[in-house]
Amino acid sequence: MASVELLSTHGLSRQYGGLTAVDNVDFNFCQDRIQAIIGPNGAGKTTLVNLICGRVPPSSGSIIYKGKDISKLSSAKRVQSGIVYTFQVTSIFSNLSCYENVALSAQRSLKTQQGKWLMVSETVIEEQVFESLSRVGLQGKEYQTAGTLPYGHQKLLEVAMSLAADPELLILDEPTQGLAQSEIYNLIGLVRTISKSVNVLLIEHNMEVVFNLAEYVTVMDNGSIMTEGTPSEIENNHDVQVLYLGT
Amino acid sequence: MVFLALLDGTVTAFVLALIALGLSLVFGVMRIVNVAHGEFFMLGAVLSWFAYHWTGDALWGFILALLVAPVIVGVIAVLSERYILRKVHYNPESTIVATIGILYVIQQLTLMLFGPEARPVEAPIYFRVVFPWFGYSGYKLLVAAMSGLCLCGVWILMKRSKLGLYMRATQQDHEIATTFGVPTKKIYASVFALGGGLAALAGVLVVPIRQADHLMGLEPLLLSFIVVIIGGLGSLRGTIIAAFLIGISDGIISVFYEPTLAKMLATLFVVMILIIKPGGLFGESPQ
Amino acid sequence: MRRKSLKYALFMQGGVLLLLFLLQFFLPAYHHSSFSKIMILASYAIGYNFLLGYTGLMSLGHAMFFASGMYSAGLSIFYFGFTPLEGMIFGTLFTLTVSLIFGLFALRTKAVSFLIVTLMFGQTFYLAILYYNEFTYGQDGFSLTDYLGTLSILGKEYLYSDPAIRYNFALILLASYLLITTLIVLSPVGRILIAIRENEPRTQLLGYNVFSYKLFALTFSGTLAGISGAMHALLYSYIGTTFAEIHHSISPLLWTLLGGAGTIIGPLLGTGIMFYLIDFISGITSNYLLVVGVVLVLTIIWFPLGIMGTIRQKWLKWLP
């Protein structure tokens, strides 16, 4: 299933002081499937994703997105080109209403679509906000202050913000962390629906979620890619079992 | 002429380092900017005048002021820390507003008690050091020496004492320090008092060279701001190096230009530095 | 919600402005002149609040912008024989340039460094006015009385310092500031500025170029301050360094905080209260700055949201 590459990294590295968090990584993301990156704590997953989003600059290597080198672009520019990141620890505007949170995101994507100097009308923004909120099941919460939502809902709001940003590649960083089991099932369903129209890259700890959703899995350890493959290949890979179970 | 300017600049640098060190310590440990810092300096100078006036003797007045002024200012600092800064939870912007308020209160109360005129204080010692081609005030050299001594004292305090250890721990990470049993509340109060005390000490030392008045706090405040920005906020080493850079260049520029122009040039200099390095020359990370 | 906010806000501001308009026919001369002054100063504070309350950037050097508008308008009338209108336009453009250039430099720094840099720039601007005293008349300042001429309205000639002219020009200035800031704050741009105030890194990651929005806010706020300064020069025919001093930078901060940072009407309220408080205290002691200090401390401890901010939190959620 060699489909079209959407994003790839070439020899990507990042050092912090003497520590190499990401070491010479060649990672490929192919269009139209859910991919996942797994690995133990400190394996370099989050750093890799931060490099892709432009939150940290690489020490060396390059990132190619849709055939263009984006490694010099600012994080804002990358979001504008469709790489949207959903935070591991929720980072919403907790003093603002859910409506405003999603509107901030929607407004930006609508402006990108309509051209730089056009003022987006509030009616169009409103439509997009209501749609995004109802897609994640937060309809009716529009005017609640975001910080007063329960944690699970804050995570959903975060997803709604990402959806409103009109992503082409949606990166979900540990979306199920801190959620109750029922909320996790709900989220799996949601991600599956989202993936019909958007490419999803999943960073997860929870194996059940990964094997449930992902079509292709990359395993990271010590800053580099250990192995890659379909979920069943990974599940039966001896090294991965050692890494996770210590047997 | 240039040598004299260099000498004057060095004296200024020592005093400036003392004032800026207080500001830098407070910023480093508490992560707040004390806009009332210059008023602590002013209080030191004014208290020194009172001591001189009360004892009627330059030497005894100086010694008394040296001992008492930092303590009184330290107490004022502790009180404002306890009843004002703690109440706003050391939020950076709220503390700035609060310390601007404290600035006005201290300044205006001094005006009411001390009056608007500038008052001279006699130097405790009077002798001239005679160089082959000119003479130089011995007291100024004493000021530099005593400031240097205080700087060393603070350095030793930071590196060797338990208080210094606690302070460095709090500076690194406030929450971890708390969980390891560092009494951060007490540390905050001590640091704020120490910062104020250092400024007051500088005030006592400087007052025989220049007179005491209630508005004298603004200029050293702005100079210390320049110093801590150039040195990198919170870096003690950077603060001291920058103080010498500013003090000596200020001394030399003042020879060739008017003081007003010198100050304008110093500000432009800071701008240049900020364009190149937004975090200051010795800053740990860009602020 | 936004449309409701906008409708209510415009109604409320319209009411306040109508009241101010009608008051001029009833106020005794003393309060009439106080109100003119308050409206001018409040417009300065409204511009300040745009930066502090809606973008989250605290400046301690805004007197620089006020003075820049005041001096560039005043000096151009004084030396080049500009008409008052030309002076106003020149003052506006000059301040716009000053704040834009200042912003390009100062906004490289953040948080505490930004504050210190604004303070230092403000002080340097003040020193520069003193230093070029042959040109600016330094500490003494200068008067425009002989240079302004008269203003002809409906065939009648008025002086710019005529009380009625002063009052109504100040009112027009205030009204336009209220209207324009309300419209911006409730527009998509205002939403982004508020987002920067609330969480700057996150705003960047939503795909916004945070720097250019901050630059816009600073330039806009500075220019508003400059226009207030230029207007002050015309209506009071006097230009002096007191308006460039550090106190004049702290004042709008105090007025804004007291009235409520991040509320449109707050700065007007704060300015009015402080003006009358200081007016009252000045009758007792000359040390009115003591009161400024005490009010600053008490406000920040007990009223961090300010008067209108507290009212919004408790009752009027829609208040912009």
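Of note:
The chains carry the letters A, B and C, assigned in the order they are written, with residues numbered from 1 in each.
By our rule, a contact is a pair of C-beta atoms (placed from the backbone, for glycine too) under 8 Å apart; a residue touches a chain by one contact, two chains touch by 3 or more.
Note that this is a predicted model, so its numbers are computed, not measured.
On a Cα centroid basis, the chain most remote from subunit C in this structure is A. Once CA atoms are averaged chain by chain and compared with the all-protein CA average, the nearest chain turns out to be C. The distance from the centre of subunit A to the centre of subunit C, each centre being the mean of the chain's C-alpha atoms, comes to 44 Å. Separation between the centroids of subunit A and subunit B, computed from CA atoms only, is 50 Å.
Spacing of subunit B relative to subunit C, judged by their CA centroids, is 33 angstrom. By the touch criterion given at the top, residues 53, 55, 74-77, 79-80, 85, 91-97, 99-100, 103-105, 107-109, 111-112, 119-120, 122, 125, 143, 161, 165 of subunit A touch subunit C in their complex. Subunit B contributes residues 27, 33, 84, 87-88, 92-94, 96-98, 100-105, 107-109, 111-112, 218, 222, 225-226, 228-229, 233, 258, 260-261, 263-264, 267-268, 270-271, 274-275, 278, 280, 286-287 to its touches with subunit C in the complex. The part of subunit C that touches subunit B in the complex is made up of residues 58, 60, 105, 108-113, 115-117, 119-121, 123-124, 127-128, 130-131, 246, 250, 253, 257, 287, 289-290, 292-297, 299-301, 304.
Note for the complex: subunit C touches subunit A at residues 1-3, 187-188, 191-192, 194-195, 198-199, 201-210.
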